[in-house]
Structures are given as C-alpha cells and as structure tokens.
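Heads up, there are several structures right after this.
The two complexes that follow have subunit A in common; it is paired with subunit B in the first and with subunit C in the second.
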Partner chain A sequence: MSLSTLLFADTAEQAGALADWVRPLAGAAAPVLAAVPAPGVPAPFAEDLCPPLADLARRQAPDLILVAATPLGRELAPRLAVRLGTGCVSDCVHIGRGEAGEVLADRPVFGGVAIATVAFRTAPAVCLVAPGVTGPNRGESSVVVTALTPEAGGPGRGKRVVQQREVERGVDLSAADRIVAVGRGMARREDLEQIRELAAALAAEVACSRPLAEDLGWLGAERQVGLTGTTVRPALYLAVGISGQVQHVTGMKDSRVVVAINNNRAAPIFQVADYGIVGDLYEAVPALLAALRLSES
Partner chain B sequence: MNPVRQYMPLMPGWTEPVMYAVLAGALVALGLGVHRKLAGYGVTMPDLVRALLSAYRSQPRQFRRRLLAQTVRQEKVRERQPGGTIHSLVFVSLAVLFLGTTLIFLEHDVLRFFDLQYLRGTFYLVYEAVLDAAGVALIAGVLLALYRRQMLRPAHLETRAADIWVLAGLLWLAVSGFALEGMRLAFRPVPWAPYSFAGYALSRGLVAVMADVRALAPIYPWVWWSHALAAFAGLAALPLSKLHHLVTIPLNIALAEPAPRGRLSMPFNVAVLAESGGELPEGIGISAAPDVDWRRRLNLDACVQCGRCDTVCPALAAGRSLSPRGLVQGLRAAIARDPAGAGSLLGAGAVTEQAVWSCTNCYACEEICPAGVSHVQFVADLRRSLVADGRMDARQSDVLERMERNGNPYGLPSFSRADWLLSRGVPTVHDNPEFEYLYWIGCAASYDPRLQQIALATVQILDAAGVSYAVLGNEERCTGESARRLGEEGRFQLMAMENIALLQGYGVRRILTHCPHCYNVFHHDYPELGGAFEVVHHTQLIHQLVHTGRLPLSAAGAATDGAGPAVTYHDPCNLGRLNDGYDQPRELVQWATGGPVREMAQNRRGGFCCGAGGGNAWYSLPETRKISHLRLEQIAATGAGLVGVACPFCAAMLEDAVRSTGRQDELQVRDVAELVAQRLVRAPDGPGR
Partner chain C sequence: MRILVCMKHVADSTEVRVDPDTGVPQLRGVPTKISDYDRHAVEAAAAAREQLSAQVTVATVGPREAIKTLKEALAMGADQAVLVTGAPAEGLDAVTTSAVLAAVADRFGPYDLILCGEASEDGYNAQVGPALAERLGIPHITYAESLTLAAGQVTAVRRAGDHMETVAAACPALVTVNRKANRPRLPTAIQVLRVQSSRIQEVRPVDLGLDEAALADAQPTRVVGYRPTPMHRKGVILDGEPAAAARQLVAHLQREGVLA
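On to the complex of A and B.
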C-alpha cells in the first residue's frame, strides 16, 4: 500500500530531493505532487502560504505531507498542521508505517543519543525533513510541481520585508565536511602553511583552537572551534597539536571520525579521538602529506 | 567685651523683606523642580514617604546604620583619593555653613519673638571661628576639585559645563562671604574680630593697602546680593543640577532593598504560577522606560557620574564596549527624556547589546559605588528582555540549549558525568544514604579534566578528616546559574526546581561545594524556589577542619614551610564580594604553603574578576585584552610563583592565561583544596566513611 504524499519545499530542486527520499514509501509509479512558492514573491511569509497550501492538502487528502526543513518550511509546517487539525514532527530522519497503516516518524531526542518513533493518530502526517537527511536530488522520481501564490492580504499583512542582505561569511566551518584543526602545538605562524597544504590535500577547511585565534591572532575568529567559537560536526576532524581542553572538545565532539596528532600521550584529545598519532606534528604532518600525495598519484 | 552678632549690618532696611521674597521665589522653583522630578520617576510624595516609612519599619537598625555609614560618614566616598578628601572638605564645610545660617535664621526670625538670643558671648566667638574655618575648607575643597577636573583630568571623570557651574557657584559663595566679612570688619572694627580669623585677616589687609576702606562701601550691597543670590540659585537648582545627589543618594540608600548582593530579582516564580494557575508576565526585564519603576529610576538618578565604577570594571579594562557609568547614565538620560516612551532603551547612549553581554557580574562597580546604584541588576534585566526577544548570538543560545538538553553548559553527556569520580570509589547518595554533606561537584569539575583535580583534592581532605559525605554521581545536573545570569529566568527556574526535588528526595540538608557560582545560587537563589539548604563552600569547611585539628598534617609538608614559591591569592567574585569569603581561603593558602600571602594591588572587596562570571565563560566578545590576562599581570607583579584560587572557573581562566602566555614554568594555579591536600598524610580509610 503506497502512501499518498504531498511535498512542500522552497525550490523544485529541493522537492525532487524530498521525492527521491520518500520514494520507497510513496511508491515508484505515481508522480508526487509538490508545492513551492510562486516565483516573483521574493520573501513569502509562512502565514500567507499556509492557507493555499492547506487548501491544496484538503483537495488532495494525502496521507503524508513532507516539508523541507528550511527556515520557511520550519515556520510553515506547524502552522499547516494546526490548520489541518493534525500533528507535526520536526527533524524526521526516517518515515515508516505501522501495522495499522499509520505513519511512523523517527526523530532524534536527547541531543541525538536516542531515536524516538512517533506514531500519528491523525492524518495527514506533517513531517519536517532536513535537506541534510534527504541527500541531493537524484532525479529518480517524477514530481509535479505546483506554484503556490501567497494569499494576498493574508495574516502576514502586518509584516513587510524592509531589507534583504546576503549573509557575509568567508568560511562556514559548521558546514564543512572535513576539518584540519591546529592548536598550540604549532610553534610558529609560518608553519601554518604546512597545515594549509594538508587541508588542501584533504579538501578540508583549516580550523584552530582558541589560543591561535584569540591570543595569537594567527587565524581569524571564524576559524575557531570550541565553546567560544564554532561547533562543528564534520565527517573527519584532524586535530593537530591540540591538547583537547574541554572548551575545545565541546565544539568538535560530534565529529564522525576524529584523528589526533599530539606529542603528549596523556593529552585529553586522545580520549575523544578514534585514531591517534603520538608524535611530533612536524614529523607527522609532512609524512601524512607525502602519503596523501602518493595515494593520489 | 560683650561679643554679639549684628543682623544684616550695612544693608538698608528694605533688604530683609526683599531677600525673603527672593528666597520664597527660589523655594517655589525648588518645589516645582521636585514636583517635576517625582513626576519623572512616576511617584507621588505621599507614596515616597510611605515607602521610606515602610523601609524604616521593616529593618530600623539596618536603615539607620546604612544611612549613617554612607550618607553621614560617607565611608565609600572617602575610600578613594583624592576625590574622597575633596568631597569631605566640601561636604563638611557646606554642612557647617548651612547649619550656621540656619542658626541665624532661628535666632532672628523665630526666637526673637521670645526675646532669646544665643549668638553672643563665648558661643558666638566659637561660632565665628568655626564658620570661618568652614569657609576656608570650602574654598580649598572647591579649588582642589577644579584643579582635579581641569588640570589632572582623570580619564574616568567626565566634566561637563554644569559641573564647573556648580563649583563656581560654591566658590563664589565662600569668597563673597569672606569679602563681606572682611569689609564689615574693616568698616566697623570690633574687639572680637580676630575670632573671625579669615575675615579679620582680610580686613587687616584691606586697611593696610587702601587709603580709605570706606571707598569700598558702595560695592558692599552688590557683593551681599550676589552672595545671597548664589545661595538661593543653588537651592532652586537643586533638583536640576548634580546637587540633586544631596537628596537622591540618601533616598536611594534609605530605600535600598535589604536583599543580599548575590541574589538577582525574581520577576516571576514558576512554582507559584503553577500552583495558582497564573500566567507568565508578558515581558520580563527591561526593554523600554515603563519597565523601570520609580525606585529603580531613583536608583539610576542617584548616580553623580563619579566614574569610580569605570575604574574597577574588568570589562572596560579589557577594552570591551561596556562602561558601567555609561550604562547607568544612558538609561537615566533616556528615561528622563521620555519617561513613558515605548521605544527600546537599547541604543540609548552606551546602552548597547554588546555592553549588556560584556558584564561579568563581578559586582566591583556596585562594591565601589558610593551612591548605591545597582548596576548588575540592570544588566540582568536588560539581558532578560534580550533573551525574551531571542536577541542572542548562537553561542549564548547554544549554551542555554546545552544546559537544558545535556544538563551542563559544555553539551557533554550527562549519563557519564561522574564516571571519573565514581570509578575512584567516591560514595554516592545510594552508597552512603546517611551522609552529612552532599558534595556538589558542579559542571566545571565534572567535565574539565584539569578541574577534576579540585574535586579529587576535596574528596581526599574529606576522607582524611572522616567527614561523612556523598555525591549525586550521574544524577547531578547544572544548577542553572549561568542561565539565570544570562537572563534566561524561566529555564533557570525549571532547572532549579528539578534540582530541588532531586536534593529533597535524597534528604539533603547540607550542600558542600567547591564552586562559588554553585554556592551563590544555592545560597541566595534556590531558597526563593523552595530549596532551603545549608550551603557550605569548601574553603569554609576545610578551614573549620584545620582549626578543629581534624586534618592529619604531613610532617614532610611542614618541612617545606617557606621553602616553596612565593604565593598570592585571587578572590573569586562569587565567594568574595558576593559572599564575604575573604579570610578563610587566605588563611588556608597561608597554612598550606607556609608563606605569607602577597596581596595583589586589587584584592578582597576590590578584587579583579578572572573574566568568567555572568555567563562569560561560554562566549567571547570583542576586546583589546583578555580579562584573565590583565589579572595574570597583577599576579605576576607580586612576584608569586603560585596563585591560590577558590573557584574552578577562576582556575580555568587563569591557567588558560598562563598557558597562552607561555608562563607554565613561572606560575602555578592551584585551588585551595589542592594546596591543602598536598599537606595531608594519606588517608588510611576508604573514601566517604
């Protein structure tokens, strides 16, 4: 029994990604209906998109409404659920069906240490799914895209957009997939070049611990990882010459794989590291770089 | 010789009625000014009087004591030099001159109807001498003040034209008074003239240099009127000029709430609301002028801009965009401009978001403030409204989220919080249900491997002394202190209520903690939420153990007395200024190291923050220097090779400063418990029994 699904996303591209993700549940054959904001409205308000989306949902009567968890989607989904008299689950990582055919949504709880499965008692089931969870649009599903025109003079009439600005950001560590972070074990500023080379070879961003950014000023504050810097969750975190003060560990403990290079076997960084090299970073880094280049060629 | 005071000599008979008419005009102006002031505060005179009476009735002795100490003896004003001495000169002399003038008024306008005269004989001679001395003191004080403001120009002192006008008025009052006295004694010498020593000297001078002093007679009435008018103008200008501090500071100090310093106000109480079914207040904290009630407007208005708070503020010293004086003055001016304005107070002068987040809640400003201004409570209330509006940066909202989600500000797993401690056999409340002290570890020592040493040292001491204790283990959670200091009142209260339920569930009566932040929040904030525990800081308990001889001293330790590095001690704000814990940790440091504590330039009540308080451990702000580095320089200046601390946050901040300046070989940072533990003979028994 396939699950009739309605999608909402900011763009058709995102809608395709949602459709690919939900395909095993929705069934391969039928095209999925997706709604996106009509072009020409630069910054639609969720409260104005909600009434037409609810109308669409009532006409289609889907079992499941998947909403891309963008800022707009996050605001829209709960409004929609209230309007439809149903429930809403945010941060879904998996959607399944129960024995009675009810929609089951999995979401992380307690900071990700556990997964809760939420069963919907009402239909449709409104679920928010982050783009990071769906993965990219592989174009495997056929999607019928409808443009939603925000309700003119709708509930959002009390607000208007007064300014739109691009967020200025040189480096976004929180989005980086691989990070090479360097700490106080680095003796001279010039030696950072080695770290940059290593990062380039790994296609990684360069990051640092607090002293290098705040006290020494070798790297900008936007590259600082830790309590008073950025919190990162890369697939690979290579900590070079970082002792692993709790203030630093707080910012990187959720990295998938942590590799540490430190000359002190007792350094706390090894407690959170999956792999460790006890040794001089001035020997280990060139050796790693050589090995990487060898494997490339 | 029958010395007697002449009333209004050398002036025509119509002077008196005209003078009283002008005085009446000045009094009317004074009355209007006071009325406007009160309207600006939003309080009526009867309500103000009622508030004063109730403040007096609730604690009459404290009321009298604080007024006597801060407005009569002016203890805090006199603490700092040269401002203190200058202020005393002006204050005492003006008080004497005012009293002297009142005596004349009484004699002439009241007692003469009863045919009484007291300004005669010996009393009159003393009167003349004292008033002349007061006049000289006033001139000296005002000249020194002018010299300080115009020549020395200390950075923390902002001089506006009004400041100079007030000083100029006072100077003219004194100078014209002496001119009148000198002329009078020159025109009509009396045998007792030398008692008016300054006026007499002036009169002798006039007689000496002038062929005929009578030539001055035509200017006498002009000088007389300028003297009278200067005095009346001062009276009329009282509510309009900085002179209003003569009234606002005593009022502010009289009305000061008798709450302990370490306690922040509680805008709502979740427990009470849950019980009564009441609703949370719409907005909390301070965002616009109407959020500041009349008492707090008076509190702001008590500020005379002496700038002393700026001289001790660690955030200002570090080059952050916070000036406590600027914050208070910014709020005061914005509210005075538009007392009912709905616009945000943020952005008014120095009142900026960054200023509000820059405060480390060290209370150095409040400690030094002679006017009793409550800077930190204003910061807390501004933060509360920012948090309510979601105006935080990610680091602040992240720490709040981690506190709720993980039960600690680091965001590290709560379920393994105490593994490192329990693996050493430290008893939990289940192992030792009959415990006397619940040893509260706190988040810093739970998660920071360096700070764990403080808890382990404390445990070692407890075991050595045979103290019965237990820990909560992995059930312990953050106290919520940082949430409260960051302005997240609701989250703090929920965390506190959970903790209280947990602690009461285990029958806890006494809490021992080595963390002054936990100590302060348990001691001052938890009781309002129903959690009344006896709270003991580890320095207090260890001090008691040492002095009752319950700690076995190591002979080896004693042998090293005086041989170790020179020591100093850093006061944690939450233990010192907030809770008066100055002596016990010092005695312990001294006892444990054998050396005298070399005091830093800023110590005890004047101690300088490490930079971690008020939630500042969890985010960073633009600054030119780090607060911890500034403190490190003060430590280094003592020549000490060891600094004792009594707070895990101070330990972490200072140790970080040591590391990042590469002074690991020169300076050790040790908690008092670590120092004492080094001196112990190893405990023979297992832990906790």
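On to the complex of A and C.
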C-alpha cells in the first residue's frame, strides 16, 4: 500500500528531488502534491507559512509530510507538527512502513554512530529530509506544485528582517579532494605550521575538529568538520590528533579513504579509519612529510 | 523583563559508545551533563540580567540528576529554576517536551523572552524551540549568532543558507542560540556546590495541569530500534617506528589512488 504524501520545499526544483526520493513509497501512479512559498515574498517566515500549510495538510490528509531540511524547513516542520497534533523526525535517511502500517523513519543518532528507527503513532508523519540525502531532482516524478501565500497577522507579525548580507566565501571544505584535519592532540597553536606543511605536500585543505575552532579559536569555523561544522566527502581524509568523537565522525564518515594518526590505540577514530598510525603526531607528521617527499623524488 | 531559559540534561555524547553489533547506545554509567548549546542560552540570559536587570528562570524536563544542570545555570546567574520530573526514563520526544515547557511558561510566566540552545547535544533535533514558540503563539528566531535586547524587542544575527541576516522580533519571542553567540562564563565547582537546592522548584506534569500517563503514552513518536551505521573500513594499523610506518602509509595511499 502506498503512502499518500505531501511535500514542502523552498523551490519546485527541490520538491522534485523530494518526490523522486519518496517515489518507491508514495507510488508512481498519482502525482505528488508539493507546496512551495509563493513567489514574490522574499524570505517568508515559517510562522506565516505554517497556518496555510496546515490547512492544506488537513484538506489532503496525507500519511506523510516530507519537508526539505533547509533553514526554512527546519523551522517550519516542528511548528507544523504541533499545529497538526502530530510528531516530527529530523534528518531522516530512510522512510518505511511497519507491520501495522505505521510510518517508520530512520535517523542517525549520537552523532551518526547508530541509526534509530522512529515509529509514528500519529498521522500525518512529518519528516525532515536533507537535500544531501535526497540527491538531485531527476525529474522522474510527476509533481503538482501549489504556491503558499504567507498568512499575515499570526505569530510572525512584529518580526522582520532588518538586514541581509552575503557570507564571505572562504575555503569550501565540502568541495575538497583531500583534507588534513587536526584535533586536540596538537599541543600548541604554532604547531599548526607542521599541519599546513603536510597539507601543502598532499595538495590538501586544512581542517579541524570542534575544540580547535570553537573553544581555542586556532582555526576559523569554516574549517571545522563535524555535526556543528561542515560535512565533507573527500577522496582522502587524514585525521591527525583527533580522537574521533561522534560529532566529528558524522562530518567525515563518507570520505573515501580515511587515515588516522593518534597516540591512543583505543581512540574511536581508528574504528572508522582505513589506515592508522598509532604514535606521537610530532613524530608521525614529520615522518610522513619525509616519506611523501621521498616518494616524489 | 522576564526570561525563561529551557535546558536539557544529557548523556555526555563524547562518552557514548554503541554496541557494534546491535547499534544500541550503551548509556549505563555514561556521565551526564548540561547540553553544551544551553550554556550559551544561559549566558545570554545572565548578560541580560546584568545589563537590564532581567529576571531569569531556567527550566528543564528530565530526571532528578538534572538538578546538576540547573545548579550550574543558577551558579552562572539565573535567579530560579524549575525541574519537571515524572517523564519516562527514556525521555519524551521533542513535540511532547515542547508541550511540557509550554505548561511551565504558562504556570510561571508570562515571559518576555524564551531562550533555548539551537539544538540538544544528544538528539540534535532542533525542534523544541520552534515547537514551543508555536504552542505559545509567539515568533521565533533560530540559530542566533548574537542577540541584543532593547525596548521590548529582540534583535539577532543568524545565518540562513548563504547569507547572514539580522532579524528583529517584538517580545514576547523565542530565540535559539548558536555556539558563536557568546563565551559562557564558567562557574567554579565550589560556586555550583554552594547553590541552594531550595532555589530549584520540582514539579510534576500533573502540577502543571498535564495528564502524566497520557503524556508518555500519547507521544507522537518513539524509538523502536537501533542499528549500527554501516562502516566499511579496512582498519589496517601500521605499527613500527615512525619512518617505516609513514613509508607504508604512502605506499597504501598510492595504491588507493588518492594522492595528488
């Protein structure tokens, strides 16, 4: 039995990607209804989109409401769930059905080391799915798009965007082919020079774990890998002095080849590494640099 | 000006391991603590208390051990704390938690400003803030990287995709605070110990007018199983002295075709 589905996305293009992703569940027969914010309203608020989306959901009575996990969608989905008297699951990676027909949503927990299956007892099931999970719009699904006009006069009144500016684009780790990431194992800020040298020899970008960016401020937030930083998928990920806490692993676990250098054999990073060197990074990094130079000559 | 800070007492996620076969998190014996994001929410409230003489209440839904988290917030400068106990040990889902917190806001409020961390450290659902704002019929601003309070209005700078925006909202409003928002003050262990337990009011859902049994049973979602995240890694450990290990590593990486 197929799941009747309603989609919400920022754009029709994004709605198409959601529709393609959910097609095996929703069934290919009927077109999927998707709601997107009406054009001409720059930066609509979740507060104002929630009432018309809830009205649409009540009329359609879908089993599943799939919301694109964009900044807007992440705000809208929990509000919608409250308004509809149902639940919401963030960061779904898979959706299925249980024996009693209930919607089951899988999501990573504890930073991604495990996947939890969450069962809905209420309908509709509101599920957030990240664009990185759905993949691109392949145009395989037939989608009927309806434009939602924000409802003025709700909780969004008295809220306004005062100013907008582009984020200065620096390094983009998500596009890097090779990354050398450094963590708490590094004792002094000036020792970062060794990491930069290693990264240069590998034609890699320099990255770091959360403590180095957020607590110590040795590197900028744009170089932080993990749950609260950037998610990366390079061909080579070299983790130096990183213990491999779950927040970090979440951000790099899809790298093709993972190498870990750590002095603690029990560090969790070795569980997610293809190659590991157990040892003092202050010995291993110069040795690796020397070996790389030797291999080039 | 009255401020409510909603907090969560969590298992230290850096100490959580999962059973490699079943994927079930092994939580027994894992130390518990204040969710890191919430420290920033408390700091924002403590700063407002100093600058604007705001009155600050912190609240959490959780086990009795959550007193530890509330005491830390009180030591940071909050005036009083509310602990809602009586929820199931495995916790409540985010939408249900927002219902309990809304009842706290009704019972002990009204509040001009409600602050939350951007998400909790353990679940990272980032749902409670917007869900609570929806229940209270107030606007929210999420992922605030800085915030200012003045004349019945809260203004916050946040990142929305590829741009930064400054958003203002009339109070009452709810703001979820990012880790960039401030540097939380660190109370000493002695300061936390000295916090009088009498400043923490313990209530049960029934005291807030909620049906306890229904609260647990009627949760819209519940976790029904775990499995380990598939990780297909070679796990080759290169022992030996550094120069030899480094040479072996370079040879492996050349074979993998990942060197420039």
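We adopt the following convention: the second predicted complex is superposed on the first by the 177 of 297 C-alpha atoms of A that agree within 3 Å, B and C clash if a C-alpha of one lies under 4 Å from a C-alpha of the other, contacts with A are read in each partner's own complex, and residues count from 1 in each chain.
Everything that follows uses one rule, which is that contacts are C-beta pairs under 8 Å (C-beta built on N, C-alpha and C of every residue); 3 or more make two chains touch, one makes a residue touch a chain.
The structure presented is a predicted model; accordingly, all values stated were derived computationally and were not measured.
Trainee: Look at the residues of subunit A and decide whether subunit B or subunit C touches more of them.
Mentor: After superposing on chain A, more of subunit A is contacted by C.
Trainee: Name the contact category of A:R184: first (subunit B only), second (subunit C only), both, or neither.
Mentor: first
Trainee: For A:A43 in the superposed arrangement: first (subunit B), second (subunit C), both or neither?
Mentor: Second partner only.
Trainee: Considering only touches as defined above, state whether A:L227 meets subunit B (first), subunit C (second), both or neither.
Mentor: A:L227 sits against subunit B and subunit C alike.
Trainee: So, does A:L202 touch the first partner subunit B, the second partner subunit C, both, or neither?
Mentor: Only subunit C is touched by A:L202; subunit B is not.
Trainee: When the two structures are overlaid on chain A, which partner does A:P211 contact: first (subunit B), second (subunit C), both, or neither?
Mentor: After superposition on chain A, A:P211 lies in contact with subunit B alone.
Trainee: Of the two partner chains, subunit B (first) and subunit C (second), which one does A:D55 touch, if any: first, second, both, or neither?
Mentor: neither
Trainee: Is A:T70 contacted by the first partner subunit B, the second partner subunit C, both or neither?
Mentor: Touch partner of A:T70: subunit C, not subunit B.
Trainee: Which partner chains sit in contact with A:V113 here, subunit B, subunit C, both or neither? Use first/second/both/neither.
Mentor: both
Trainee: Of all the subunit A residues, which ones make contact with subunit B and with subunit C?
Mentor: Residues common to the subunit A contacts of subunit C and of subunit B are 110-111, 113, 214, 221, 227-228, 245-247, 253, 268, listed in rising order.
Trainee: Considering only the defined contacts, which subunit C positions touch subunit A in the complex?
Mentor: So the residues of subunit C touching subunit A come out as 13-14, 16-18, 23-25, 93-95, 98, 122-131, 133-135, 137-143, 155, 159-170, 173, 179-180, 218-229, 231, 233-239, 242-243, 245-247, 249-250, 252-254, 256, 258-260.
Trainee: Residues of subunit A touching subunit C in their complex?
Mentor: 43, 45-47, 50, 70-72, 74-79, 81-83, 85-91, 98, 104-105, 108-122, 154-167, 177-178, 202-203, 214, 221, 227-228, 235-236, 245-247, 253, 256-259, 265, 268, 270-280, 283-284, 286-288, 290-292, 294-295
Trainee: Help me check something: in the complex, which residues belonging to subunit B touch subunit A?
Mentor: Against subunit A, subunit B makes touches at 395, 398-399, 405-406, 410-413, 415, 447-450, 617-620, 626, 652, 656, 659-661.
Trainee: Which residues of subunit A touch subunit B in their complex?
Mentor: 110-111, 113, 184, 210-211, 214-216, 221, 227-228, 231, 245-247, 249-250, 253, 268
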